[in-house]
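Next come the structures, one after another.
Common to both upcoming complexes is subunit A, partnered first by subunit B, then by subunit C.
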Partner chain A sequence: MGKTLFEKIWDAHIVVEKQSGPSLIYIDRHLVHEVTSPQAFDGLRMNNRKVRRPDLTVATMDHNVPTTNRRLPILDQTSAIQIQTLAKNCKDFGIQLFDIASPNQGIVHVIGPQLGITLPGSTIVCGDSHTSTHGAFGALAFGIGTSEVEHVLASQTLWLEKPKPFEIRVEGKRKNPHAVTAKDIILSIIKNIGTGGGTGTVVEYRGEGITDLSMEQRMTICNMSIEAGARAGLIAPDEKTFDYLRGRKYTPKNYESLVDYWRETLKTDSDATFEKKYVLHIDDIAPQVSWGTNPGMTCDVTDSVPSPDDYSKGDQNQKKGAQKALEYMDLKPGTPITDIKVDRVFIGSCTNARLEDLIEASKVVKNRKVSPHVRAMVVPGSQMVKQQAEEMGLDKIFIDANFEWREAGCSMCLGMNPDILSPGERCASTSNRNFEGRQGTGGRTHLVSPVMAAAAAIEGHFVDVREMDLS
Partner chain B sequence: MKGHIIKYARDNIDTDVIIPGQYLKIHDYAELATHAMEGLDPNFHSKVKDGDFILSGKNFGCGSSREHAPIALSHSGIKAVLALSFARIFYRNAVDGAFLLPIEIGEDAYNAISEGDEVNIDISKNEIKNITKNQTYGMKPFSEIIGKIIEAGGLFNYKPD
Partner chain C sequence: MEPFKKIKTIVTPLDKVNVDTDQIVPKQFLKLIQKSGFGKFLFYNWRYDEDNHEKQDFVLNDKKYKNSKILVAGDNFGCGSSREHAVWALQDYGFSVVIAPSFADIFYSNCFKNGILPIVLDEQTVEKLQHMHDEIEIDLENQVIITPEEQIPFSIDAHRKNILLEGLDDIAQTLQFGDEISKFEKQSKIPSVL
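Then we have the complex of A and B:
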């Protein structure tokens, strides 16, 4: 019987396998950042252990770095300590670090692919749940906790129970691909299968709706696999994948022979079976806006805020969840989404802060001004993205429209640095989580695509971006 | 293992309410614990007692990979979380550091157990006894490896056969 792409990658990385139970899996790439690593390095020191493969380990600072002027000292002492600790740990253990002054610094899931560190067919881990992003390249990539970070640092392996393969087919063609984006596809999927819909599985995204996407768009899809509860999400590599990685800073020297091998091997066999299947037709999908406090609480921009009864379809816990969410979000059922006013707009995060995201958003913003009551910011995903955008003049478009143009980092996605919402503030955000307090205590998050966020900044409320001229 | 229940009757309790992002810079676990569940229940820290259990719905611990989430609960005194289901990373984090027991329960236990009930958890029998209500419910047994890691006291003490 044939195998799925996930099963092939899994099988190729088994170090120890038993009749039943977990397998010991080899890890090809370990990405490290300042927040989930300090205790892991402390653990190594306590036990006199070394990092087994520093050459397969790469670190950067992204979660709590300031996105303002980098020449100034970091005011938040606890952030400063965490950042200095990572620098010391990397020095002590011989790990390559892209620090705050590096032109390669950025969100770990943006720089991995940009530097050619992310490779098809590899296993990639990081102490960050959005590691699933790298699955866009046909890698098996997933987030781990700090104990597992220590285990990988020490042994370059992990004990893992094998997840089940889950096929999500995206069929059809979007009528307006500038207005209906990869973000709208993945939010539609999560809305339909739920935040636990992918539990215990590795999703393979397939179909015309996926192969049509660029690499950066595919990263947006795989990034949010975790929001559906999946262990990881991946997409079989194709010529777009191979072209994207060709000639990057750390692309292997024998790249073309690797491509020949990947082309032959990294695909799901025609007779392979998936444990679970879901199909999304995208011909008629609308831009999506989340209204609640988890990414599954999402609707079309043309809809109104649902009532807890309509949302829960009889499930009491879901109903209670929706009631609490509406209370927290200060929304009333029946309110048209386009009537919801926003105070802040955040274009950033590992979901949507790549060059294409900024290009698309800039088309909405060009020759327009941010609504006077809105504070809007763009936080590029990496310093490389920022530089490329500036070479294209995108910074001027955003700044002329009264957007703030920041340095790279996770920023307002998770409220660890000074970029946070004030209590009660409502934000159109291109990030991945609308959990209570995620962007700052009492802050209210609506997840949207970069073009939808840009349009909300201009109009001061949500609008159907399909009605704007984005050519 | 005997303790009292703190019940959050909802699904999708996420890591950002278990320990909000701004506290991930705290390395002192006792201090971290003072902010546990702050995003959902600001009274949690004052009401939690050593040995208590949390009871909740589906997909407990969804979201971030932060190990700070089970650490903050553990150092608040929580010995186990009983939930209809768990998000995978939270589950592994709880077990790997031997911070607390993530116990999967059924709808019967979820509906019957109330806030403040005293329960006794017997892992060897896969049984939860509600002392307050004099009822007994089953729990999902731990898989072989999870059971062994728990027995060993965490991932780094676990030695495969």
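Then we have the complex of A and C:
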């Protein structure tokens, strides 16, 4: 019987397999950042262990770095300690680090692909749940906890239960691909299958709606796999994938021979079976806006805030959840989404802060001004993205419109640095989680695409970006 | 890690679904570089108001549950961020068992690394346990929960059960497979980063 792409990558990485229970899986790439690693390095020291393969390990600082002037000292003492700790750990254990002064610094899931560290057919882990992003390149990539970080540092392997393959087909063509984006596709999927819809699975995204996407858009899709509960999400590599990685800083020397091999091997066999299937038709989908406190609580921009009864379809737990969410979000059922005013706009995060995202958003912003009651910011996903955007003059477009233009980092995606919402503030955000307090205690997050966020900044409330003149 | 022993206490009911790790430990407390001391931050935003006073209506602030080691929660517990700090906080606070209809994958596997037993039971049973006022006993060895009325069996992967029961050091065990790992590395097609 044929195998799925995921099963092929899995099988190619089994070090030890037993009759039942987890298998020992080899890890090809380990990405490390400052928040989930200090206790892991401590554990190594306590047991006199070393890092088995520093040459397969790469570190950066992203989660709590300031996004303002990098030459100033970090004011937050605890953040500063965490950042110094990572620098010391990398030095002690011989790990390549892109620190705050490096031109290669950035959000770990943005720099991996950009530097050619992410490779098709490889296994990639990081102590961060959005590691699924790298699946866009046909890698098996997933987030792990700190104990597992320590385990990988020491052994370059992990004991894993094999997840089940889940096929999500995206069929059709978007009518207006500048206004209806990859973010709207993935939010639609999560809205339909729910935040637990992918639990225990690895999703393979397939179909015309996926192969049509650029690499950066595919990363947006795979990035949010975890928001549907999936362990990972991946997309079979094609020529777009191979072109994207060609000639990058750390692309392997024998790249072309690897590509020949990947072309032959990295695809799902026609007679392979998936445990689970879901199909989304995208011909008519609208831009999406989340209204609640998890990414599944999302609707079309043309809709109104749903009532808990309509949303829950009879499920009491869901109903309770929706009531609580509406209370937290301070929204009334029946309010048109386009009537919701925003105080803040955040264009950033590993979901939507790559060059293409900024280019698309800048088209909305060009020759316009941010609404006077809105504070808007752009935080590029990496210093490289920032530099490329500046070479194209995008920074000027945003700054002229009264956006703040920042240094790279996670920033207000999770608000561990000084970029946070104040209690009660409402934000149109291109990030991936709208949980209570995610962007700051009491802050209210609406997840949208970069163009939708940009449009909300200009108008001061949500608008259907399909109706804006983007010429 | 300490071997997992039989546990007998009352349960702490947390009647919420989709409890994410941001709620279990809010991110402002992730900056510590040790594993200990996270218990005081557990469910911080639910436990304390803006002036850091205990919120009386939150279950953890009810003295009755002070010695409970068993948390019983709703569906999809531990979703969101992969932060292991969530498990460290539960453990440091004093919980050894979490029961729910389902868990997020990463959270579930993080539990075993820190001596916490996550138990999946059907929704009805979980609800019944949430309303139970008597002590219940968790017997991992025999995979059963003993309440005054009944015995509720639960399933768990044999490998993971063993890790908890023996309190094994995961990494030491894995390093015994050093030869297999080296052999794998020799034939691997994926080159070094640098």
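Points to keep in mind about this one:
In this section, the second predicted complex is superposed on the first by the 470 of 471 C-alpha atoms of A that agree within 3 Å, B and C clash if a C-alpha of one lies under 4 Å from a C-alpha of the other, contacts with A are read in each partner's own complex, and residues count from 1 in each chain.
One rule holds in what follows: a residue touches a chain if its C-beta (ideal position, glycine included) is under 8 Å from a C-beta of that chain, and two chains touch if they have at least 3 such contacts.
Everything numeric in this text was worked out from a predicted model, so none of it was measured.
Shared-chain residue A:167: touches no atom of subunit B or subunit C.
With both structures placed on the common chain, the touch criterion links A:29 to subunit C but leaves subunit B unconnected.
When subunit B and subunit C are set side by side, the one touching more residues of subunit A is C. In the superposition on chain A, A:156 makes contact with subunit C only, while subunit B stays out of contact range. Once the two complexes are overlaid on the shared chain, A:38 sits against subunit B and subunit C alike. Residue contacts after overlaying the shared chain place A:216 against neither subunit B nor subunit C. Contacts of A:7 after superposition on the shared chain: neither subunit B nor subunit C is touched. By the touch criterion stated above, A:195 is placed in contact with subunit B and with subunit C alike. Shared-chain residue A:148: touches subunit B and subunit C both.
The contact surfaces that subunit B and subunit C form on subunit A in the two complexes overlap at residues 16, 20-22, 24, 35-36, 38-39, 43, 47, 64, 76, 78-79, 81-82, 127-129, 143-148, 150-151, 159, 161, 195-196, 199-200, 229, 231, 294, 317-318, 320-321, 414-416, 433, 435-438, 441. Residues 16, 20-22, 24, 35-36, 38-39, 43, 47, 63-64, 76, 78-79, 81-82, 127-129, 143-148, 150-151, 159, 161, 195-196, 199-200, 226, 229, 231, 294, 317-318, 320-321, 324, 414-416, 420, 433, 435-438, 441 of subunit A are the ones that touch subunit B when the two sit in their complex. Per the touch definition, subunit C reaches subunit A in the complex via residues 17-18, 20, 22-23, 26-28, 30-35, 45, 50, 74-76, 79-85, 87, 102, 104-106, 109-110, 113-114, 157-160, 169-172, 174-175, 177, 180-181, 184-185, 188-194.
Partner subunit C is touched in their complex by these residues of subunit A: 15-16, 18, 20-22, 24, 26, 28-29, 35-36, 38-39, 42-43, 47, 49, 52-53, 55-58, 64, 76, 78-79, 81-82, 85, 96, 117, 119, 121-122, 127-129, 143-148, 150-151, 154-157, 159, 161, 163, 195-196, 199-200, 229, 231, 250, 252-254, 258, 261, 294, 317-318, 320-321, 414-416, 423, 433, 435-438, 441. For subunit B in complex with subunit A, the residues that touch the partner chain are 9-12, 14, 16-17, 20-22, 24-27, 39-40, 57-59, 62-67, 85, 87-89, 92-93, 96-97, 143-145, 154-156, 158, 160.
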